[in-house]
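You will see two complexes here that share chain A, one where it goes with chain B and one where it goes with chain C.
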Partner chain A sequence: MRSDRGQRAPLGLKIAAACGLLFLHLPILLIFVYAFTTEEKSFVWPPPGLTTQWFAVTWNRPDVWDALSLSVRVAAISTAIALVLGTLCAAAVSQTRFFGREAISLLVILPIALPGIITGIALRSAFALADIPFSFWTIVLGHATFCVVVVYNNAVARFRRTSGSMIEASMDLGADGFQTFRHVVLPNIATALLAGGMLAFALSFDEVIVTTFTAGQQQTVPIWMLEELIRPRQRPVTNVVAMVVVLVTLLPILFAYYLTRDGDQIAGSGK
Partner chain B sequence: MSLDAVVSRAPTPAILPGSGGLRGALSDLFWRRPKFLLTLMLAPPLLWLGIVYIGSLFALLAQSFFSIDEFSGLINREFTLKTYGDLFQAANLDIILRTVTMAALVTLASAVIAFPIAYYAARYARGRWKALFYLGVMLPLWSSYLVKIYAWKLILAKEGILTWLLAKLNLLWPLDAWLSLPIVGGNSLSVSFTGTFIVFVYVWLPFMILPVQAALERVPGNLVEASSDLGASPGQTFRNVLFPLALPGIVAGSIFTFSLTLGDYIIPQIIGTSRLFIGQAVYSQQGTAGNIPLAAAFTVVPIVIMGFYLWGAKRMGAFDAL
Partner chain C sequence: MTSAVSFKKVSRHFGSVRAVDAVDLDIAPGEFFAMLGPSGSGKTTCLRLIAGFEQPTAGSISIFGERAEGVPPYRRNVNTVFQDYALFPHLNVLDNVAYGLMVKGVGKTERLKAAEEALSLVRLPGYGTRRPGQLSGGQRQRVALARALVNQPKVLLLDEPLGALDLKLRENMQEELKSLQKVLGITFVFVTHDQGEALSMADRVAVFNDGKIMQVGTPEDIYQRPNTRFVADFVGSSNVLPPDFVQRYSGQHRWGSLRPESIRVSGATSGDGVAARLVGTNYLGATTRLALDADGLRLHAVVPAGTALPAEGEAVMLTFNRDSLHLMDEPA
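Moving on to the complex of A and B:
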């Protein structure tokens, strides 16, 4: 599609594409308006008045802080595990050819290709069979499993662009395996790993379907939100938390995009 | 590698002595035996995914062959096909049929809405616009799933923005007429199948746009020009040139929209009627009903459907478009 730079798009196509993008974005923008509404009981539009008092109320809610702290801790540990496992797997798959290579890529992608409810209930029934009580670590176990794939995708794309002869050159110049990893491989894949880590963090921070099966009584931010959606207690607080969640997930995505924008494969294209 | 030549000419040996110690020994071992290094690299991820994930899946599958004692409510850990018999009761078949129909409709609608966006981004957007389009799809894809559903709860509520907008435009009567229809209608959009459908399409749409765009990027522009030079109308060009070439991308996207709709239980629970989808049935069977065998048997349904779907998609070459 390079021979037609000067062409203009037909008007109908332009309108359809613009409407599609508006359909994708307007609902999220609406969240920002509702965070300031004075209405407490219903979702009435237009908002009867605007206020910032709900930010203060939300700030003083311990349950929101507890959920936030649990979510951040789970996402941090899951991301760390996924970074190690995803990088190892990507290095093995892209640097060497061996029997069963395709099966390994499939195995890594499977937790995200099958519906989340299957992963969730599979983990829960395994915990039940093995008599493992729900804890912080049962949540991490589930999250790390599906976070591996985002790190893996980013790392594989970068390894493909990194020439193997650089590693050989480093070895020829007298570096041992560890030095080569530290001074040649790591600087090459660092931004891809950072981008993958960001995406894994965002994925874990937002996950709800698997978490409902592995959390027991604990509340992460998405579980807190789900609880509020089913049995609303204080709607304005939900509005404020929704807005904060949008902002918190937005920044890692933009940053990951910025880190990998020159590459042939851009981070996040396969959630 | 002509190390010998280098060594013989240089006054001092070009090869450094081994660094010694445990670290040097390990490093040498990795170089001499790449298979050992490979095993060492693959072991942690494979052990993790194999034990945690595949192990759990088998545990689930095993449970679907157990049965529940109807009087005591305890799970009887003996092999039986009784649970699968329960699965094929009329009420459960209704749930499966409803979910599959919804998944098919959502996939169709996503394809129709995604095509113009993907086509514009692939063929006309350049430079900064291209990046903007890309982010324009990526940001909604990665925004919080629950917040997106919540936003639609605000929009579709009876007192919400959509009713307000239609009232301003004096267009409430088509909405009321639609809501009074059986099956798709309801008290308001937020408690009807139409609402569930809209939210499903909204949430999974980016998953359709990206592969379709990737497929369209690979269609040479002069193919479209050649088609119109040879006298085809835009409609004919679309039917005979663009659509067949975009089809693998559409099928790739439909894997996501179809699979995600089959397994979702949160959207129909928050925006929809009280009639269940597969995901909700699984959730209520394992939670309040405590019937894990039946819940496990229910999850086998989307696995089997997706198995056939993926098999068909692979035959159509959809995986190259992913």
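Moving on to the complex of A and C:
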């Protein structure tokens, strides 16, 4: 068995690969197509006719705007919290040695390894125990638990590649802690933070499980969509929103991917 | 006269490890001072104590008369050339060199001009727009040097400055550092485990072992008149002679040191001298190093290349000038 680079893949393998990709992405395309259908009660294939009226209908639905605005605010604030906490934690774990360092590293990553439903139940009972009413901030708190992990992972990887003597060099040359952070640490971890932040934003934006446990009466976009599927009227509105969600989450993830892909050269060229 | 750097009973302990143990040290202004020792001997910790990256557990440090304990690195008029250079990868060479002036608030045109001058000082003019990643090891070293010197430090610290360079480059840099130090008149303190480097560059050398200074002196002092077995052996691999052996030649019951190049080897089988057997030869180019066995005592001799030598395993006679046998202070 050989796998030469120059040799072309056998036809069977190509077809299998194409089928795999189609299986993954055809349903998503289907959702896009249904956003233009004229049939509003059920999804019929092929669509009886095509129309763009649902975009206008969606635009004029206040519940859509409420859900979107809530989702964006939750994602933005969770990401901001995660950026601060994740960076601080990554700095502590990678720059210093202390008792329990490995344990902390594991505990920080745990929320993303645990099933979301566990995190959700745990948070819900904790909020109930502490008598905290469900609100915007309980959703933010729930989302921040896993957003921190994403930022932490990105930042810690970059910190590990950043030479520790660079910080000492900066201090040696007369920069105090704040100047060192601003002129040396931040430029070296900036792309990692941007990537981590965008991933965190995207994760928060389409989170369902933790949100159902930590939200009161409010609806984020994914929760709104779940409810909407049960209703019989104006179905394609959901599809229009789905298109928007796909774009809002896909673009940051693509961007984050490109940033971290080039990250090696940015942080590793000192040696 | 105020010392450039003065240690009074300085200790730095890490848990139960005494990295630096009650060290007294005085470095004169304008001196080229070497801290020599094996790894883990405390020389680098001493350098970091001067730079301010470590604080002493006990004792006091002063830099040009000013107390240094508790003063953070960024408020000391001392700069460091790091072993791995620690250049900032996100800045170009000119901004790297100008960094110290930038954080002190020097205006842009002024600091870039100073940085350019510092780059010409280390013979890298016009390299300002490159990234550190585009430079060779020797060039990065020069940039690190320029980045430290541009701040006009009172003391320049160099941590194994030539460790990462190849032999040829290292020899060039040795000469260059020495002449740079003469021109600038700044106190240079450098750490090395290479005794050749310490002897050839420094005005004075401190030999470290186990967190203590074993001996401080000029390179000649250290090399010709080591005071302990450790110094004799570490600096130039001298022959350390046991007291009983020394007594036969000097009448004193003390440890002695005899430099390998002071031993003459002849094929004679009788006469004055130490009877020995040649057990190995090691060709080193300009010289040949001989391993000798004198009745159980292992000795080394270095003879010029081209000397007629007996075959390995043959009996030889060793002679040396009584003056070159140095008696050490260390108690027998």
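Quick notes
One rule holds for everything that comes next: the second predicted complex is superposed on the first by the 243 of 271 C-alpha atoms of A that agree within 3 Å, B and C clash if a C-alpha of one lies under 4 Å from a C-alpha of the other, contacts with A are read in each partner's own complex, and residues count from 1 in each chain.
Convention: contacts are C-beta pairs under 8 Å (C-beta built on N, C-alpha and C of every residue); 3 or more make two chains touch, one makes a residue touch a chain.
Given the structure is predicted, the values throughout are model-derived calculations rather than measurements.
Using the contact criterion defined above for the overlaid structures, shared-chain residue A:126 touches chain B, although it does not reach chain C. Contact with chain B, but none with chain C, is seen for A:16 once the two complexes are overlaid on the shared chain. Legend: residue contacts after superposition of the two complexes on their common chain; A:174 is shown touching both chain B and chain C. When the two complexes are overlaid on their common chain A, residue A:104 makes contact with chain B while staying clear of chain C. In the superposition on chain A, A:183 makes contact with chain C only, while chain B stays out of contact range. When chain A is checked against chain B and against chain C, the one touching more of its residues turns out to be B. Legend: residue contacts after superposition of the two complexes on their common chain; A:78 is shown touching neither chain B nor chain C. In the superposition on chain A, no contact is made by A:58 with either chain B or chain C.
In the superposition on chain A, A:165 makes contact with chain C only, not with chain B. Within the superposed three-chain model, A:138 lies out of touch with both chain B and chain C [touch as defined at top].
Chain A residues 171-172, 174, 176, 266, 268-271 lie at the interface with chain B in one structure and with chain C in the other. By the touch criterion stated above, chain C contacts chain A in their complex at residues 51-53, 72-75, 78-80, 82-90, 99-100, 102-104, 131-133, 147-148, 151.
By the touch rule above, chain A contacts chain C in their complex via residues 163, 165-166, 168-176, 179, 183-184, 187-188, 265-271. By the touch criterion given at the top, residues 1-5, 7-10, 13-14, 16-17, 20-21, 23-25, 27-28, 30-31, 34, 42-46, 81, 84-86, 88-89, 91-92, 96, 98, 104, 107-108, 110-111, 113-119, 121-126, 128-129, 141, 144-145, 148, 171-172, 174, 176-178, 199, 202, 206, 208-209, 212, 222, 225-226, 229-230, 238, 242, 245-246, 249-250, 253-254, 257, 261, 266, 268-271 of chain A touch chain B in their complex.
Against chain A, in their complex, chain B makes its touches with residues 1, 15-16, 19, 23-24, 26-28, 30-31, 34, 38, 41-42, 44-46, 48-50, 52-57, 59-60, 63, 113-114, 116-117, 119-124, 126, 131, 133-155, 157, 159-161, 164, 202, 205-207, 210, 216-217, 219-222, 225, 234, 255, 259-260, 262-266, 269-270, 279, 282-283, 286, 292, 295-296, 299, 302-303, 306, 322.
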